Amino acid sequence: MRSAIVTHPLDPAALTAEVANVANGATVVFVGTVRDMNDGRAVTGMEYTAYLPMAERELRRIVEEAAARFGTNDVVVEHRIGELGLGEASVVIAVAHPHRANAYDASRYVIEALKARVPIWKREWYADGERAWVDPTRAAREALAEEPS
Amino acid sequence: MRSAIVTHPLDPAALTAEVANVANGATVVFVGTVRDMNDGRAVTGMEYTAYLPMAERELRRIVEEAAARFGTNDVVVEHRIGELGLGEASVVIAVAHPHRANAYDASRYVIEALKARVPIWKREWYADGERAWVDPTRAAREALAEEPS
Amino acid sequence: MTVTALLFASYADALGRSSVSLTLPPGATVSDALDRLRELPGGSALPPSPLVAINLAFARTNVELSPGDELAVIPPVAGG
Amino acid sequence: MTVTALLFASYADALGRSSVSLTLPPGATVSDALDRLRELPGGSALPPSPLVAINLAFARTNVELSPGDELAVIPPVAGG
């Protein structure tokens, strides 16, 4: 079990090796990468920033929760912050378990909790030169605001 | 999109690289490995055999189904046959998609369909020297047979 | 007509071979071929309704066979 | 008492700073601190009920602050 917020490029193979264990039959590795398009706008890069001590604490808790809930200590997650180019990995989650259902579910648990709770923010750089902080709640709020009252 | 049944050691990193694409934000890699215990018996290795032309055909179909159903061509799967030691990978599935939900679901689809439909068999080698073909349907059949009629 | 029956894993072990050439009357079905296999030494190990494939595609046991067909008798699969 | 308010991402951009030292009366709550932040230039950018954390743990806005607390005002998170 390990979690870290780092500034260097992530290495999915190293994290995969870290959870290897002959008691496990299934390993699930999730890699989140910077993509070239978001909400229809061309993106050229991304900048991640964190409230570091709290982000480290929340990430550690999430890994502990996943381990307890899905019954494996072979859970490792690293999130990168700083400036990332297209295709670069921002997060890698490696989970191994004797059985595949739990490996998938634990992996999914970690990424969903990370996106909901870990104080990390990202600013997209668009092809037109603009930069904007990503707000995952905006679409939902705008939809609510448009509802007839 | 690619699928193969091979006799050499699998390379998850190579398959991960194969589905990389700047349009994708999420990559899910599943690795199935030989574990040291099954149904409470110590296992020392595994031997996989296939009805090769049909296994290749079913595996290709499964990849095509996953691609169509979940909307990505970035799906690669390799299954190894032959003799495998503890901890060695028998199957690697790499899927990438713009969004994580589809990447996870497509990965899960491929492994479940593979286990249900691809004519591959495995023989476990136990610590006591015995070898036995694995029958995933045995537990269900035995439970049925024990039901009062 | 002649068809080739392929046996795998535990079925191949039980019958001591991985392929059998069967000569069957015209109109014979998969069931007829399975009955013939059951008469061979070790053939009683085949279950009542095994999974079968004809020429690489899963098939039902009431399907009629054609000369030269490759009939695979498939034990419970266990890939992954 | 004095508490330190931390601002991040769009909130830091709006107020032009990433931390503010606030002097508050005893018994002041998170809400009181947020009201004080809203009076600063750019402070109107803060939403009615932002997510907050006190000393690294998420907290409700009716919680009373203690001297030396680190109050983080947290924009919608977007990790991963």
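First chain written, first letter: the chains are A, B, C and D, and each begins at residue 1.
Operating definition for what follows: a residue touches a chain if its C-beta (ideal position, glycine included) is under 8 Å from a C-beta of that chain, and two chains touch if they have at least 3 such contacts.
A quick note: this is a predicted structure, and the numbers were derived from the prediction, not measured.
Visitor: So if I look at the partners of subunit B and the partners of subunit D, which chains show up in both lists?
Guide: Output, common partners of subunit B and subunit D: A.
Visitor: Could you pull out the chain whose C-alpha mean position is farthest off from that of subunit B?
Guide: That would be chain D.
Visitor: What is the distance in Å between the mean C-alpha positions of subunit A and subunit B?
Guide: Between these chains, centre-to-centre, one finds 25 Å.
Visitor: Between subunit A and subunit C, what distance separates the C-alpha centroids? Give it in angstrom.
Guide: Between these chains, centre-to-centre, one finds 50 Å.
Visitor: For subunit C and subunit D, what's the span in angstrom between their mean Cα positions?
Guide: Once rounded, the distance between the two centres reads 73 Å.
Visitor: Which positions in subunit A touch two or more other chains at once?
Guide: 32, 100, 111 - these are the residues of subunit A that touch more than one other chain.
Visitor: Of all residues in subunit C, which are in touch with two or more distinct other chains?
Guide: Answer for subunit C, listing residues that touch two or more other chains: 80.
Visitor: Could you list each pair of chains that touch one another?
Guide: All touching pairs, sorted by chain label, are A-B, A-D, B-C.
Visitor: Along subunit B, where are the residues that touch subunit A in the complex?
Guide: 12-13, 16, 20-37, 86-87, 98, 100, 103-104, 107-108, 111
Visitor: Which bits of subunit D are touching subunit A when the two form their complex?
Guide: Touch residues, subunit D against subunit A: 6, 8-10, 13, 53, 56, 58, 72, 74-80.
Visitor: State the interface residues of subunit B toward subunit C in the complex, per the touch definition above.
Guide: Counting only subunit B, the residues touching subunit C are 32, 48-51, 53-55, 57, 79, 90-91, 111, 114-123, 133-138.
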